[in-house]
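Okay, got some structures for you below.
In what follows, subunit A forms one complex with subunit B and a second complex with subunit C.
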Partner chain A sequence: MREFGILYRYELKKIMQRKIVKIATVIVFALILGTVCAELSGNYYVDGKVYDTHYHMMKTDREYARKLNGRKINQDLIMEMQDAYRHIPENEREGRYSLTEEYQDWARPYSQIYQFVNMVMEKKTLSDLLAWKADENELYENLGRRIEEEREDAFLTEEEKAFWREKEEQTEKPYTFYYAEGYWKLLYSSYGICYVLLLYAAVCLADLYTREHSLRTDQLLLSSRLGKRQLYWAKALAGMSFAGMASLILIALVMFEVLFIYGTDGFQMALQYAGAFFYYSEPVSVGTTVIIVYALILAAVLVTGAFVVMLSELLQNGTAVLAVVFGMVSVTMFFNIPPQMRLASQLYAYLPGKLLSLNMGGAFSLRLVRVFGRYLTTWQFVPLLYLLSGAAFLLIGKWAYGRYQVSGR
Partner chain B sequence: MENFGTLYRFELKKLGRKKMVWYTFVILLQIVIVMNIGDLVFRSYYDEFGREMSTYEGIVQRRDYDRKLSGRAIDDDFLKEMQKAYGESKVVAYEYEEDKGDTGLATIGSSHISSVAVEDGRSPHEVVEDHKRYRGIHTYVWSVIGPVAAQSVDAAGFYQGRRDLILADCLEKQHLTQAEQSVWKKKEEALTIPFVYTYCEGISRLLWHVNVMNYLWIFLSAICLSGIFAQEYQLRTDQLILSSRYGMLPLYLARICAGITVVLGGTAALYAAETALVLGIYGADGFFAALQLCVWQSSWRISIGGAVLVSFLVSLTAAVLCSMITMFLSEFFKNGIAALSVMAGVTLFTVFLEIPARLRGLSMLFHLLPTKLLREEGFTDNRLYFIFSHGFNGMQIAPFLYLIAAEIFLWAGYRIYRNRKN
Partner chain C sequence: MVIMMELTIDRVSKQYKNKIAVDRVSLRLTKGIHGLLGANGAGKTTLMRMICGILKPTGGTITLDGLDVQTEEYRARLGYLPQDFGYYPDFTGYDFLLYMAALKGLRRTDAKFRAKELLQLVALEDAAKKKIKTYSGGMKQRLGIAQALLNRPDLLVLDEPTAGLDPKERVRFRNLIEELGENSIVLLSTHIVSDIEHIADSDVIMMKAGGLIYHDRWDGSHEDLEAFYLKQFEEEGQEVS
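Let's look at the complex of A and B:
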């Protein structure tokens, strides 16, 4: 076992000293850290003239939103919002009303409430929303109706619907508003970050086993009296731990950057407040969701690492391994399986790239998995699945590694 | 050049014998097939009466109705007929009962039946028939000026509304200069108004799919060619080549030509498959229809079929460039994985990245990349590249730039290839 520690350290060193790994690491870190908050840079233009800076606009909206922290989205707040928006002149309401002084002075502080109410009530125009007689009960009934429609569209079974109805009863209504832009930003960035990290893991690990064959050192290793078993596991562990550590450091830096800029408040904001998650009846906060999502990214990177390890030994061609991973990642970006094909679409949603699409078909899908008589949601089930899959990939890779013989050279 | 023909044939054979080339091509071909027939096989379609039918039946039904409208000018009369057919919006739902025949309407979620007019005396059946009859033109007008205006606009309002929307987009998103705005206005004035409605689903899909086809042939070139020079070093045959008395130029050019041939052939085959499938399912109608029926934001005076051909030709030149870049990277890094990583990484990266239009020069350069240019937006970007005071848009100038860039990479790659030492 002593050799295992030495082998592991050497394999880790070998990975870290490769030029392609160094270059890929620098590029990925620079890319993600440089672009995650890039929309705050520069000016906002209206009709060709500088109107404001994006950063200042964010700070202004943050200040306004913070004034509403802790307030329930109830009858009073909805009516306040409508009264504020009524200051916008009628003839401006169908155009670019956000440029009017009335919007800036009166309505903008309530813009987040307006977005939520409009998302639920689905009014086509501002005038339609102002014509609606504010009714808290109608708002949440409409929300409930739309949630039921989403469950129909997801082709859920009756048991699944019952599960979600029970969860819905546990969610506190009316929702309490908190400014939580930092966490929303982290959530919506997770999709792109996940894809980049999956490709990064593939680039760093594609050559892990194939280099032995291309550099002809496999003959030397085959003749070692210590056998190959420890070497295989040392390589696999070095590769996966490198990918995992790099991803963890990057995720920590991203969280630090985003929360430093946007602020750390709003951890407890209900996930359902956002338009992308209104249907998700689990009583979970946006802060907790961020932790879950980034933990899933880490799990996805590790299982992809295991997959690459297996492939690199099966295909014995680093380019082919990379091509397979890039191909799979690209397919999950562009294609979907119709929800009517229940099993296929559900399995497809578990693929690392698809999982982080964070919509009906991803980690926050309404579909459940029954495990030992208990229903698990997607984000609860997937870590188990990845653990089993990762183990299976590593064992298959080990089997292929053990059977390899040098011949035909 | 000594033995160029022989070298070219051998390099072609070498590429043809690589299993990965064929596996990649077959997988990409399957993606093209699934992209086009996946919906037909795996989805079902519910008509307005809640009756389930296959997606193909739904396509045929829509095609038959839309073909009856083909040839009509989108003028006041046509718009009035469409608006009368769609009537006032009122959400009405009935329980569907088999024995009521088609006098009832089924609800399958409120999204399937959004409006039924009952106030003008039409039966629900008549209303649904009217909807089906004018669905094509209604969808088109709706997509241009929105659902509210579609119900009351006249022809003058429709065409002016379209222009206003394009101008607002041009100013806000494209930051057009005065010169570009006046060129755009001239192009708009040259368009034939009113547009003539034509069923053009098939030919439009060819244009819409160009974006996805891009990624397919880029991956084809990246996967097939990333090892073309790198394998010399891996297999240690570079020493043998260095000692050849015929020099390295014929071999280098033979490899380049073989690589480009394979990628061009693969790209053409993928496009041929795509075209056959799409036109076979949706029909070839609308080749000569105005581009504005498919991409309403465009001011190009060209037919949809013309736009498809332009996209195809630009794709071929882009394929030459991507092949050249891949082979250059293969020689530069001497590592197939590095070459593939850069190509695939940059390609996927351009999916997520957008350069704000206010950084005009950088944005215009970025939008010349094949992944950004070869899509519908390539026909709606009104920014111009001025050469000797003549303005060219991206689609016009890109092929020349791609070929020039390919040549630069060709000679840069040769310098590295020639100057390497063992």
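Let's look at the complex of A and C:
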């Protein structure tokens, strides 16, 4: 075990000494940390003139939203919101009403409630929403109807529908509003971060083994006592833990940056409040969802690392490995399998590049997997799947490593 | 307990599609120096790779005191310096030896002691903390020799070990090999005949087109080895001894 630890440290050192790894690390860290809050830089222009800075606008909205912290989105709050929006002159309601003084003075503090109500009631214009006679029961009934529609669209089985209905009953209604912009920001940034980290893992690990062949050190390694078995595992562990640790550090920095700028409040806000998750009846908060999502990113990085280790040994060519991984991740960005093709689309959703797309086809899909008589949601099932497939990738890689022979040259 | 120390190569062959690189070679090697001579493409490197377990024979077996070439125990007793071996450019010479020592299963304290001892032996102690990418060809070769000796191998396989060494270093190296041959099986491949000729009581093995054409002790009393070597390659159909 001590020998393994020493080998592991040397393998880690070899990875970190590589120029491409250093460059990729700097680029990835700079890219993600530099862009995750980039929307706050610069000014907001109206008709070519500076209207406000993005940062100041965020601060203003944050201040307004915080005043509503802890309030239930119920009859009172809906009516309050409508009353505030009615201050906007009628002749301005169809245009850029957010530029009016009335909006700024009265309506803007309720903009987040407006967005939620409008998302649920599917009103086309502000006038339509204001014409609607506020009714809390109708709002949540409409939400329930839309959730049922989503279940139909996802081609769920009756058992799955029953599972989600049971979950729906556990969600507390009316929802309670909290300012939670930091967590929403982390949630919506997760797809881009995941995508970059998957490619980063591929770049760092693509020639983990093939480099030994190109450097011709393989002869020394494979003829040494521990070179045929322990070294493979030390390398795989070093590669995957490097990618995992780098990702973990980056995620921690991103969380610190975002929560420092936007604030840490709102952890307990119901996930279903957001338009992208209204259908997802799991009684879970946005803060918990952020933790789940970033844990899934780590799992995705690790399983991709194991996949790269396997490919590196099978293909014996770092460039080919990169091409395969880039191709696979890119395909998942642009290509979708129709939900009617239930099995294929469900399996496709489990791919690391697809998982964090945060739509109906990703980690928060309504489709369930039955394991040992118990239904698991996608984000519950995927870590198990990744663990098994990661182990399989590593074993196949070990098999290929054991078969390698030094010949030619 | 008397350690037997015998490398047995039994009808070992290596075939690549239509080409036979090594053809049913059988050898029994005991303690001492064994010089392997042959022209380029004779099959020396292929045979050595098979002896080191990094290339699987198509047929035949290789054992060291009954241990199969593919076992960890066999590799624990092996030291190997490949022809044109690789290194990690950003490692220091000392670090490289520590890494190789870890691969050979040496304990950390033993590894440090042995690495320093060998760096001194190959006259690299002053360059121990320098990165290998700054080393000359000869220095790299000496570092390669040092790594092969880390585990005090019973079987030492050296493929063209004097390549890149200056004449003074070659003499030092020959003396070192002679010492090692007292306690180990040393298989030394070279195309420089004098490397073997100057080592007293060495065993000479000659290969041609994948087969053995000569194997006997060379005491240097009856003929010049280089002349004898050239004669073997001039005469077609030479009987294998």
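Methods note: the second predicted complex is superposed on the first by the 404 of 409 C-alpha atoms of A that agree within 3 Å, B and C clash if a C-alpha of one lies under 4 Å from a C-alpha of the other, contacts with A are read in each partner's own complex, and residues count from 1 in each chain.
Heads up, the rule we're going with is that contacts are C-beta pairs under 8 Å (C-beta built on N, C-alpha and C of every residue); 3 or more make two chains touch, one makes a residue touch a chain.
All values reported here derive from a predicted model rather than from experimental measurement.
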| item | value |
| --- | --- |
| Clash or fit (per the criteria above) of subunit B with subunit C on subunit A | fit |
| Touching partner for A:G42 - first (subunit B), second (subunit C), both, neither | first |
| Included angle at subunit A between vectors to subunit C and subunit B, based on C-alpha centres and rounded to the nearest 10 degrees | 90 |
| Larger contact residue set on subunit A - subunit B or subunit C | B |
| Touching partner for A:K124 - first (subunit B), second (subunit C), both, neither | first |
| Partner chain(s) touched by A:L231 [first = subunit B, second = subunit C, both, neither] | second |
| Subunit B versus subunit C as contact partner of A:D218, first or second or both or neither | second |
| Contacts of A:G192 with subunit B and subunit C, given as first, second, both or neither | first |
| Superposed arrangement (fit on chain A Cα atoms) - minimum subunit B/subunit C Cα distance in Å | 12 |
| Overlap of subunit C and subunit B interfaces on subunit A (superposed complexes) | none |
| Contact footprint of subunit A on subunit B as seen in their complex | 20, 24, 27, 31, 34-35, 38-39, 42-44, 109-111, 147-148, 171-172, 175, 212, 215, 219, 222-223, 226-227, 234, 333, 335-338, 340-341, 344-345, 348-349, 351-353, 356, 358 |
| Interfacial residue positions of subunit A with respect to subunit C in the complex | 2-3, 6-7, 10, 14, 17, 212, 215-229, 231, 405-407, 409 |
| Subunit A - residues contacting subunit B, complex | 20, 23-24, 27, 31, 35, 42-43, 45-48, 124-125, 149, 152-153, 192, 195, 199, 203, 206-207, 214, 317-320, 322-323, 326-327, 329-331, 333-335, 337-338, 340-341 |
| Subunit C residues within the subunit A interface of the complex | 16, 46, 49, 52-56, 72, 75-76, 78, 80, 82, 84-88, 90-91, 98-100, 102-105, 107-108, 147, 151 |
